[in-house]
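In structure tokens below, several structures.
What follows is subunit A paired twice: with subunit B in the first complex and subunit C in the second.
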Partner chain A sequence: MDFVTLILNLDRKIIFAFVAVLVAWPLIWPLALPIETTPEVRSIFAAIEALPNGSDIIIAADYDPSSKPELQPFTYSLLAHCFEKDLKVHLLTLWPGGPALIQQAIEDVAAQYNKTSGTDYCFLGYKPGNAAVVGGLTNSITGTYPTDFYNKQTATMPLYQRVQSVKDVKYIVDIAAGATVEVWIAFASAPEKVPMSAACTAVSAAGYYAYYTAGQLDGISGGMKGSAEYDVLLMNNYPTVKVGGATRIAGNAVKGMDAQSAVHLFIVLSIILANICYFIANKRQRDERRGA
Partner chain B sequence: MIFLKRQFPIIIAFVAGIMLWIRYYIPSETSNSIEEGYLNWVRIIVGFAAILGILSLLQHHLIKIRLKRPGFAFSYVTIAAFILMMLAGLAPFAIPGFAEKNMESGSLFNWLYEFTFIPMQATMFSVLAFFIASAAFRAFRARSMEATLLLLAALIMMVGRVPIGDLISNATPTFQLFGNDYHVIDLEEWTSWLLNVPNAAAKRGILLGVYLSQIAIAIRIIFGIERTYMGGGD
Partner chain C sequence: MIPIGELIGTWIAVGLTLMMFSFIYRDNPAFKFGEHLYLGISVGYYVNIQYWNVIYPLVIQAMKQQHNYWVLIPTVLGIFILLRVVPSLGWLSRMAFALYIGGFAGYSIPYIVHSLLLPQLSQTLQPYSGGFGPVVNQVIILVAVFSTLVYFFFSLEHRKTVGAISRLGIVFIMVSFGASFGYTVMGRISLLIGRFQFILESFAEGGRARFW
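So, the complex of A and B:
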């Protein structure tokens, strides 16, 4: 069997083995590839940076463990950024599989910054009914969420003595694994004129560029790369943010980018190789037909 | 009975649709409170729909076990996992060795979530990387002009949106155009153009079509022309 035939009939287990090695190798021995930031992610960072200290921000963490590697690092970095600026965070999720994941993030970051639930932030938890929940928040946050994730009355919290609805918050960020960004734009950001940004999985990011170019989203962070860029921006602008250690706040996505780079490069090279072999095989077939 | 099955849902759809539509044009306290009441109703109904989904899932697996259909053993696992997670989340007593409250960090529910649910879902999703790599190698061929364009765009996006793409771009020589410096291969610029121009334009066209049809369907439902949501033919 010659090389061309070998490549075109390559056992997929060999490809699986290459992918496994290329994912594991950079995770064990990091390559420390430099990460350059894109305008889409810089816009999110700049928008948060421009908020006056003490402003209120809604963070909707609409994802579950399947998107954890891509989006959880963004949640950590965004929360750290908000607490660095002393922003008051209203955190919630529209995904049933999300609450415990979000709970980990907010408890880790809040502990790092000595922030108190009910005063500095509130984790409202999960409610079913995407558009109905977001629409409800534009009328009343405490009406939609009478209790928070820990079953405490929201109406008595200091945070909700001045914030009644979405109108009273300065910014919205949706960290989304699905189509909730459109819900937040249509039912909260656009009607209440509250600016917003989105962080989404790499596979869904392309779908939101129509909103970004139209100005309905200030910025987009796509997949682990976007999270890594936000990590880099946060660490460059706030050197006090802890990297590594027991409670990792920033830098988690950066570590994953080496593995992603290696696998992407492998896929690209393998597609090019497979196409070259495909054309050679086609040419041979044509020549054989002509010869016959 | 026919009234409840046919006319009544149409009346509800008409009244609710018209009320919420008019609410946008007459913003007042009354219309706000009507909308709030409506949204509360929606959330309650969605909650019941979730219960219905759970019951339907259980029924499906119980029937599978009773009829011993192929793979019925996995249905035991589904039901056992369902009961375990439900008990861990709703148990009115403290479970020895775990935090006292069910939703607190360190509770059995959180332990199960962190050490079973997260790794299992992450594993399922990670497997995609292997299949995508294999599928791309086997099926991504420049067979036609359209396929070649798709292939080129995919190759640029895959390399251009990871750090190694920046390294490749920075390693190429630069040239000046209209006073700006460009790399011969500038993957960030190329990916940015692909996302912001052809991708956004195509997506915007699709979205306009989708939303216009949604408006048309909403009008049809409000006026009782579209009745398929009731489960019948017309």
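So, the complex of A and C:
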């Protein structure tokens, strides 16, 4: 069997084995490849950076464990960024699978910054009904969420003595694994004129560029790459942010990017090689037919 | 010392991850076990979440504590939707669906038009300004939108001029699919990296799956 035939009939398990090695190797022995930040992610960081200290921000973490590697690092970094700037965080989710992940993130980061629930942040929990919930928040946050995730009355919290609805909030970030970004734009950001950004899974990132170019989103973070960029911006601007260690506030996405780059290079080379072999095989068949 | 519950939980998670990965080799009983376990636990988890976040606070608590019996109306309509599984009573679900679809359409259409459709339309029809680069971008966007719309216009036969424009539309659609596919590959690899990170960190120094 010659090389061309071998490549075209390659058992897919061999490709899987290569991918497994290329993922594991950089995770065990990091390559420390540089991570360039893009204008889309820098815009999110700049928008948060421009908020006055003590401002209120809504973070909608609309994802579940199937998107954890892509979006959970962004949640950690964004929460750390908000607490570095002493922003008041209103955290919620429209996804039923989200609360456990968000609880883990907010409790880790809040403990790191000595922030108190009800005063510095509030985890409102999950509520079904996407558009109805977001629309409800534009009327009253405590009316839509009478109790928080821990079943405490929101109306009596210090945080909600001055914040009534989305109108009183300075910024919205939707960390989304699905189509909730459009819900937040349509029912909260655009009608109430509250600027917003989105961090989404890589699969949905391409679709949201239309809202970014139209100025309806200040910035977009797509997948693990976007999360890694935000990690880099945060660590460059706030060197005190804890990296590594038991709580791992920032830097999780950065760790995965070496593996991401290695596998992408392998896929690109495989596509080129397979196409060359395909065309050579085709040419051979044509030549054989002519010969016959 | 790692808490025993966390230790056992991590070992179970690592084991189940490896069971799911075993499908790469071929379908096998370990994969089937993991798959069924995942489905069963997911259903149980979501039923639990929906009960404690929706039915208990919005229906049971509302009636018991606030004596708000109006919530019975949407509750009954919700039960009507479930009656689709009973053929003789399936017709009742249409009432609930009619109310839901009609109400939601009336609520959302003005928002969608005002906040999504019109801003996107105005962005497509921006005046040509801002230098060479932005003007080129603007022309590309306009041509792409027009040719893609022509491709999806089926009342004219796609021949001659219409055919040429629709073929251009296909090119733009393919570019869009290519970008989405590239992102999709990145997303899937990220999931794999996430699992590998979990496994490697569980067994690393100080990891949660180590006995020693």
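Just so we're on the same page, the second predicted complex is superposed on the first by the 292 of 292 C-alpha atoms of A that agree within 3 Å, B and C clash if a C-alpha of one lies under 4 Å from a C-alpha of the other, contacts with A are read in each partner's own complex, and residues count from 1 in each chain.
What we mean here is this: a contact is a pair of C-beta atoms (placed from the backbone, for glycine too) under 8 Å apart; a residue touches a chain by one contact, two chains touch by 3 or more.
Computed from a prediction, not measured in an experiment: that's the story for all the values here.
K.L.:
Have a look at where A:Ile267 lands relative to subunit B and subunit C in the superposition and call it first, second, both or neither.
P.N.:
both
K.L.:
Considering only touches as defined above, state whether A:Leu78 meets subunit B (first), subunit C (second), both or neither.
P.N.:
After superposing on A, A:Leu78 lies clear of both subunit B and subunit C.
K.L.:
In the overlaid three-chain picture, which partner chain does A:Val169 touch, first (subunit B) or second (subunit C), both, or neither?
P.N.:
neither
K.L.:
After the superposition on A, what does A:Val232 contact: first (subunit B), second (subunit C), both or neither?
P.N.:
neither
K.L.:
With the two complexes superposed on chain A, say which partner A:Tyr212 touches: subunit B (first), subunit C (second), both, or neither.
P.N.:
first
K.L.:
If we overlay the two complexes on their shared chain A, which of subunit B and subunit C does A:Leu92 touch? Say first, second, both or neither.
P.N.:
A:Leu92 sits against neither subunit B nor subunit C.
K.L.:
Looking at A:Ala202 after the superposition, I want to know if it touches subunit B, subunit C, both of them or none. Which is it: first, second, both, neither?
P.N.:
both
K.L.:
In the superposed arrangement, does subunit B or subunit C reach more residues of subunit A?
P.N.:
B
K.L.:
Once the shared chain is lined up, is A:Val19 touching subunit B (first), subunit C (second), both, or neither of them?
P.N.:
Once the two structures are laid over each other on A, A:Val19 reaches both partners.
K.L.:
Looking at the overlay, what does A:Thr147 touch: subunit B (first), subunit C (second), both, or neither?
P.N.:
The second partner, subunit C, only.
K.L.:
Overlap of the subunit B and subunit C footprints on subunit A, residue-wise?
P.N.:
16, 19-20, 23, 66, 68-69, 96-97, 99, 127-128, 131-132, 135, 202, 205-207, 210, 213-214, 222-223, 225, 260, 263-264, 267
K.L.:
What part of subunit B is in contact with subunit A in the complex they form?
P.N.:
Contacts found on subunit B: 32, 35-36, 39-40, 42-43, 45-47, 49-50, 103-105, 109-110, 113-114, 117-118, 121-122, 124-125, 129-130, 132-134, 136-138, 140-142, 151, 154-155, 158-159, 161-167, 188, 192, 195-196, 199-200, 203-204, 207.
K.L.:
Which part of subunit A faces subunit C closely enough to touch in the complex?
P.N.:
Residues of subunit A touching subunit C: 13, 16, 19-20, 23-24, 27-28, 66, 68-70, 96-97, 99, 125-128, 131-132, 135, 146-147, 182, 185-187, 189-191, 201-207, 210-211, 213-216, 222-225, 246, 252, 255-256, 259-260, 263-264, 267.
K.L.:
Where on subunit C does subunit A make contact in their complex?
P.N.:
Spelled out, the residues of subunit C in touch with subunit A are 24-25, 45-46, 49-50, 53-54, 57, 104, 107-108, 111-112, 114-116, 119-120, 122-123, 176, 179-180, 183-187, 189-197, 200, 206.
K.L.:
Considering only the defined contacts, which subunit A positions touch subunit B in the complex?
P.N.:
Touching subunit B: residues 10, 12, 15-16, 18-20, 23, 33-36, 38-39, 64-69, 96-97, 99-101, 103-104, 107, 127-129, 131-133, 135-136, 139-140, 143-144, 149-151, 202, 205-207, 209-210, 212-214, 222-223, 225, 257-258, 260-268, 270-272, 274-275, 278-279 of subunit A.
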